[in-house]
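By written order: A, B, C, D, E and F. Residues from 1 in each chain.
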Amino acid sequence: MKKIVTLGEIMLRLSPPGNQRFFQTTSLNVEFGGSEANVGAALAYWGMDVAHVTAFPDHELGRSAAGKLRNVGIDTRFVQFSPGRMGIYFLEHGAMQRSSQIIYDRAGSSFAQLDPKVLNWEEILDGADWFHWSGITPALSQNCADITLQALEVAAKKGVKVSGDLNYRSNLWQYGKSPDEIMPRLMELTHVMIAGSRDFKQCLGEDFKSFAEVRSMAFERFKRLEYIVKTDRISHSSSSNTLSAALYAKKKTFSSRAYELTHIVDRVGTGDAFAGGLIYGLLEMKPKEAIEFAMAAGAMKHSVPGDVLICSLQEVKELADGEATGKIKR
Amino acid sequence: MKKIVTLGEIMLRLSPPGNQRFFQTTSLNVEFGGSEANVGAALAYWGMDVAHVTAFPDHELGRSAAGKLRNVGIDTRFVQFSPGRMGIYFLEHGAMQRSSQIIYDRAGSSFAQLDPKVLNWEEILDGADWFHWSGITPALSQNCADITLQALEVAAKKGVKVSGDLNYRSNLWQYGKSPDEIMPRLMELTHVMIAGSRDFKQCLGEDFKSFAEVRSMAFERFKRLEYIVKTDRISHSSSSNTLSAALYAKKKTFSSRAYELTHIVDRVGTGDAFAGGLIYGLLEMKPKEAIEFAMAAGAMKHSVPGDVLICSLQEVKELADGEATGKIKR
Amino acid sequence: MKKIVTLGEIMLRLSPPGNQRFFQTTSLNVEFGGSEANVGAALAYWGMDVAHVTAFPDHELGRSAAGKLRNVGIDTRFVQFSPGRMGIYFLEHGAMQRSSQIIYDRAGSSFAQLDPKVLNWEEILDGADWFHWSGITPALSQNCADITLQALEVAAKKGVKVSGDLNYRSNLWQYGKSPDEIMPRLMELTHVMIAGSRDFKQCLGEDFKSFAEVRSMAFERFKRLEYIVKTDRISHSSSSNTLSAALYAKKKTFSSRAYELTHIVDRVGTGDAFAGGLIYGLLEMKPKEAIEFAMAAGAMKHSVPGDVLICSLQEVKELADGEATGKIKR
Amino acid sequence: MKKIVTLGEIMLRLSPPGNQRFFQTTSLNVEFGGSEANVGAALAYWGMDVAHVTAFPDHELGRSAAGKLRNVGIDTRFVQFSPGRMGIYFLEHGAMQRSSQIIYDRAGSSFAQLDPKVLNWEEILDGADWFHWSGITPALSQNCADITLQALEVAAKKGVKVSGDLNYRSNLWQYGKSPDEIMPRLMELTHVMIAGSRDFKQCLGEDFKSFAEVRSMAFERFKRLEYIVKTDRISHSSSSNTLSAALYAKKKTFSSRAYELTHIVDRVGTGDAFAGGLIYGLLEMKPKEAIEFAMAAGAMKHSVPGDVLICSLQEVKELADGEATGKIKR
Amino acid sequence: MKKIVTLGEIMLRLSPPGNQRFFQTTSLNVEFGGSEANVGAALAYWGMDVAHVTAFPDHELGRSAAGKLRNVGIDTRFVQFSPGRMGIYFLEHGAMQRSSQIIYDRAGSSFAQLDPKVLNWEEILDGADWFHWSGITPALSQNCADITLQALEVAAKKGVKVSGDLNYRSNLWQYGKSPDEIMPRLMELTHVMIAGSRDFKQCLGEDFKSFAEVRSMAFERFKRLEYIVKTDRISHSSSSNTLSAALYAKKKTFSSRAYELTHIVDRVGTGDAFAGGLIYGLLEMKPKEAIEFAMAAGAMKHSVPGDVLICSLQEVKELADGEATGKIKR
Amino acid sequence: MKKIVTLGEIMLRLSPPGNQRFFQTTSLNVEFGGSEANVGAALAYWGMDVAHVTAFPDHELGRSAAGKLRNVGIDTRFVQFSPGRMGIYFLEHGAMQRSSQIIYDRAGSSFAQLDPKVLNWEEILDGADWFHWSGITPALSQNCADITLQALEVAAKKGVKVSGDLNYRSNLWQYGKSPDEIMPRLMELTHVMIAGSRDFKQCLGEDFKSFAEVRSMAFERFKRLEYIVKTDRISHSSSSNTLSAALYAKKKTFSSRAYELTHIVDRVGTGDAFAGGLIYGLLEMKPKEAIEFAMAAGAMKHSVPGDVLICSLQEVKELADGEATGKIKR
């Protein structure tokens, strides 16, 4: 059983039931989610030994969030209970031609304010096979950027494999730094980058003519880089998307099949499920199988409510193998 | 901010949750709806100054209905609390090849019994830019037909622009008059008619060979008429329709794009959302933009539960402009 | 009004609401279902005089199950309250590429343990026009196999028409007998068999090269056999299937149209609705109409939550006649 | 098993969940209830052979109501599907110092318009041991008054025992007759009257100084009268009542114990449960036991949601015997 | 119809359904509430002309909050949509010996950051009969303290009567001022103070030996003061309280009856309902009646879910008159 | 942080929402519970290091049950996934004079069939401070009796303190042994027995005249015995109980205060919460404090839905200290 460590903020996710709009609702469904924890949750559900590092306020909502992580099998030993509030995001599910909408309310969270000194990365990463971070964390606060860097430096020292979902978000980076002041050093310490051209452009503060140019630049510049991973999504409507992905090694490209995703149940967390599938795949499979497994995990997530992929290894494998036909399993 | 007045009955709408059938359900979702108030609600939600004229019984269900109108921003100053019951309609949502079903239970409502003398249309229409009525109102009772005529005559005197959704319903007109005894005079006082060939035929008690014939007859006969507006719906199943619309001036035709509406959430009130969009469009845009905006509003309503279009101006405009792709908005 | 008797186990059906997974749910929707009772329920809802024979534990869950049968119009005079537990099946609704899953928990049920001596088939089948059984019953226990045989022998004596849904289930037949020790005798007493090649193969313990071979063998071997009925389902995903059926007389074949079933609401009980439609059709219509009616009933069931087809005769007939377009019925 | 026939209107009961007010609610819980059917339902649940006579509109809400009667075991053979609407009552549950509120919306129901000629009382009362009616029925319409009288005359002829719950309601009797024009004849044909002084006063149009005077008058005037039954309720608040009852024979009085009813779950239908208990008691027990059983049934109903007493014979008997202590039954 | 203006923050109120704890819940009921708006809502529901002054973020949650104010009849003309977040409070309902718990998450709200310059109090208070504020507002931020003072100075100039609920909250006052730097000036401009000894002590930064001393000091020091109003609550458990109140003029004391409040439905907003009742009473009644009406309003609120008293004038008056016995109203 | 090990079966708990009866419900709330795991859950929620030993079927319901244990903080390292079904209990909540009812459906569970050889008690109890068992486990099957004995013998060898809740249940012990063949040896290895006279009588197969006699016998016979603990419950109704407890050392008795428990929310698991409190108390406090803490934990559980006490240490301590008055905590 491989040991994986993930780092990142977890928010309370509040969403109106069914297709209701914010204006209409009289109740909100409660989930907890955060990009990196979602990745860890998928892996833990498949039986991996996953520890997540984050911080919650020391009250019942924070304790409840920690309980939800344990529920899916995540080790919460390194979760901090510290000053600050619980970050929240309000999610309205779209339908048909109407988009899903997210209202973020995460400023001042315990995680954003977490003191880097309280985390002992030597201990946390002890025995770890893989560490996963995302570009959301260094975008939250200087503390969070510092924490990410510390983690990556210890990971490098210990020889832990590192994946990073660059995930540039324009409405973050409010604390006085721009991405290109922070991200390049973090990318240097990363082996697998999940990112498209726009992410590279924003993180490096440079323009590129094509993904081909990005690719050659990246493998040139980032010595540890083994793979760039990119998904391609065509959004026909909130209810129907086409999705595929590819894994780019320096010289070789491994493409997944494309999925027609109609009747979408929950669009959120699908990239995280993909990332979880990718880590599982790269740890346990060959590259071609890995990208198919990752894409199947990402596709499957569209059918599961909540932030987290609750699907067995067998279900994902069957879909990756093209054997899932929607017949009832008795 | 334009001032709009709408007139019409509002019913308690009771529908089994999800896809349940009447026979199965143990609870009913509560909404309030009525064709003309739905039109007003869409306009009020977009920031227009809308007053609705109707009547409710003087008990808590009536007060609750008035509260729902205020909730979306409608001015209820002219709502009457008067003898009679609360009209009800029971709505079972269809799915796939199974049709939606409506059981009307509206006889004896406060609105149908409303005394025309209690309404002071000089005051109600003071400063109004637009008045909207539908063919449902004169079909309910002689009182309601009289009220509609009074309103239209005052509107004509004051130079208020008038739209009418002819909306012939064969299960109404139970009070001893046929449509052709009542509707022609109301149509004479109307500038924008939402109607298809069948509506014209029933309202006028005449046969027409084609919509072309209807069109030339109508612009000939009704001197105030500026536009006929017609939607074309192809119903593949309860879950999937194709929908488009056109705005016919005397000489010119403005056609909207066609929408493929799969994964329909709520079929009811889509024509009212269209009419609301039309009024907004004709007040604020050129004809071609107006019909696109109206059709986008109508299309969007299929994704929103309830009778009323709860969608921002920006959402409708993006769809009208072809920019809505169902991507998550963060 | 025709009189129909059905025989079979009824289980408590527990399913997470909406698209939730077993792992996520905090409540379970309660239905009761069983293949043969589902057949009877559809027929009773259409006004047929249906009695169902089964057994429940003598506690409130058993009484509740009996109440549910009465609710749809089934006569429960012959329902036994006897030792054993309430069989349960847990159903997780699939969506998109994710399959529906059923966890059976039916061992030790009152029905499986029912003493054949308590049932007086002379009385039960008195005046009956039709008797329906399925291959699930003889697969549960020796008692159940004995009960089925007794019923069929009395039916034969009384000249009651018999349909059997062979429905081979590999996870049953745990009591020491194989299907080919039991089923052939039951098939000899049956006039209408709902079955595909695989069912014949398993029930007879023989291999066949094609359905054509099965068909000629069957009409040769089973002297009472009038029709074999077979459905063809192509499962694109949990949300979308293509479905058609055919009725095979010795010499003639009657094929139904094919239905595109997208936006599936509830996949369970669709074969039972089809069987109910078939019995109705064969009692009241010509063969071609019968198979169209049966297929329409089966198709319609995909839009109705629960195990049972709650649809009026008129709704099914309209679909069978190709007149159902999903327009709102007011 | 005794055979009992009940007669009366059944309404759709719509109530906001929990303690919500009409103004607040977004859904309504669905039950069906009517005084006399509630009586029949309690008796059917205890295993009596009960047929209820009523009328419903011929649409899905009417069919659903009939299904609910069958669900609890009532024979619906004599239920008519005839023109008119489904009567409705809206019930808001009180709490603490706040009263429960009922908004009736029953005018124009199928039952109120039922043609007396369609009911064949000779057939309906064939073999019956008991017939139960209430003062609500003759208060609805002349047709309903006529139907009640016809039923009572046939019952008298056949020697069927009759109970009547006089139940004077001031907001009924809208059809041009006053109670004293109708009720006296019905009372003459009744053996057991559930009524207090106010009911006698209103039904007879006479004043009485005391219940003692009522009692001596009644046994004098109504020759068939065997018992007057009266409950005494002290309402401390919506959540807490004290309740007792007495059975008055001409010379003898049988009093029940008093119940302290705190934490009331559902106040509606408690008198009907009492009446059901009374009929059961008078059919199966001695007077003293009967009144204790009736009172226990009435008390128990306060703990059961809905209009109908869903309690086993054993539960009621244990309470009547003073053995119910609220310990968990395993 | 009297015109009343209220000022204060409104928060999104999120509470687990029923008796669930934060740790357990999978959904949160949505209400909106704030002390002063709750006061205004009660008055608006009784038909008063109430305008509330507050600020919301310019997104759908803010618009929804404004819609809820309109729903109960509050005029939202002066509501600002301005930068900042939506304040939230999480409420867990207690039961029995377990306390209700509130987690506040209100820092950084639009209201706390509202620029005093955007409010034109001359216009807002034009024609007003009464202005109501609470000690929560000046405790939120310097801006809010400034806004309160501006409002009170204009009210004084215009001769508008002013009530203030001093309501000292120790977990507020985080912006660098202590209550005694701010509150005394606000109290000078207030005619009716709802406050106990502890509130006076904290607001003035002085110690008092008894309420008698507080009272004589207050009438001495605050020249506009007409009444001090004080409630006395004995909390037996979360489910059961005893509550009474008194109105202290300079020389005279008017005491209400005491209420035994068992079976409490919602404890929150009861003081606000009391304050609403007090304003209504002082505007429309004599002092003794006013304090009884206020106390009845406060008592009634314990039976209504949500922050707001949804009770008709008649219901409150009946309770104040001692006529509410919890009998069903039909 | 003390380390505690608990052993026992966990069942799926299915209960109708609110006050609904089994006959009425259309959904069942899902919890997981089992006496000993409930004890462990309370301790884990207070921050103790708790491992629970049990077995689940290897399907999604089993995995969900394990997830629920982790959710409250229980270590599931020793949970087995093995053949058998998921035990179920159906719980109907009583109200007022109506009792709660439990229908057990636990025969054939994975735990009852668990092979004693798969558990390595040397490893499980390594470093443990306390082991807790109950009389339910040896009553399920010979395997379970053997497992309990093995655990106790290893605990004795390792000097782990042992508590046992004797908890005689007459509807268990179906596997051919009587309690007095099994329990005495288990009791010999136990330091703290939670039991009343009836439990001792049934477990030992002997009669005792009084609890005094039981007490002196027990301390005489069971050499390891340190405390007998006994609760006294007076059940006034399902909604109202009086509860107290006492801790009996050989010579000394420590009695708790008595609690009036009105408005009971959930009666199940209250003894387990008490046992959890007792273990915590005996590990961390003096005997008098321990029994008060235990009783407070037991009392508090009546206010929390589900099987498990979700209450913080502070909440229980405040109640034990008499400081819980039901005031809102902000």
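Assume a residue touches a chain if its C-beta (ideal position, glycine included) is under 8 Å from a C-beta of that chain, and two chains touch if they have at least 3 such contacts.
It should be emphasised that the depicted structure is a prediction, and the values quoted were computed from it without experimental measurement.
Trainee: Figure out the least number of contact steps between subunit B and subunit E, where 1 means they touch directly.
Mentor: The least step count works out to 1.
Trainee: Count of steps on the shortest touching-chain route from subunit A to subunit F?
Mentor: Step count on the best path from subunit A to subunit F: 1.
Trainee: Taking each chain's centre as the mean of its C-alpha atoms, which one ends up farthest from the centre of subunit E?
Mentor: C
Trainee: If you list every residue number at the subunit E and subunit F contact, are more than half found on both copies (same) or fewer than half (different)?
Mentor: Interface between subunit E and subunit F is built from largely different residues.
Trainee: Quick one: subunit D and subunit F, Cα centre-to-centre, how many Å?
Mentor: 46
Trainee: Let me have the rounded angstrom distance from the C-alpha centre of subunit B over to the C-alpha centre of subunit F, please.
Mentor: Going by mean C-alpha positions, subunit B sits 62 Å from subunit F.
Trainee: Could you say which residues in subunit B touch two or more other chains, in rising order?
Mentor: Within subunit B, the residues that touch at least two other chains are 18, 21, 23, 26, 67, 101, 262-263.
Trainee: Touch graph across the chains, line, ring, star, complete or other?
Mentor: other
Trainee: Which chains are in touch, pair by pair?
Mentor: After working through each pair, the chains in contact turn out to be A-B, A-C, A-E, A-F, B-C, B-D, B-E, C-D, C-F, D-E, D-F, E-F.
Trainee: Quick check on the complex: what are the subunit D residues that touch subunit F?
Mentor: Residues 18, 259, 261-266, 299-300, 302-306, 310-311, 315, 319, 324-330.
Trainee: Which residues of subunit B touch subunit C in the complex?
Mentor: Subunit B reaches subunit C through residues 18-21, 23-24, 94-102, 104, 169, 171, 235-241, 262-263, 267-268.
Trainee: Spell out the residues on subunit B that touch subunit E in their complex, using ranges where they run on.
Mentor: 67-68, 70-73, 312
Trainee: Could you list, by residue number, the parts of subunit E that touch subunit A in their complex?
Mentor: Result: residues 14, 17, 21-23, 25-30, 59-61, 63-64, 67, 85-86, 88, 90, 92, 101, 103, 105, 107-108 of subunit E touch subunit A.
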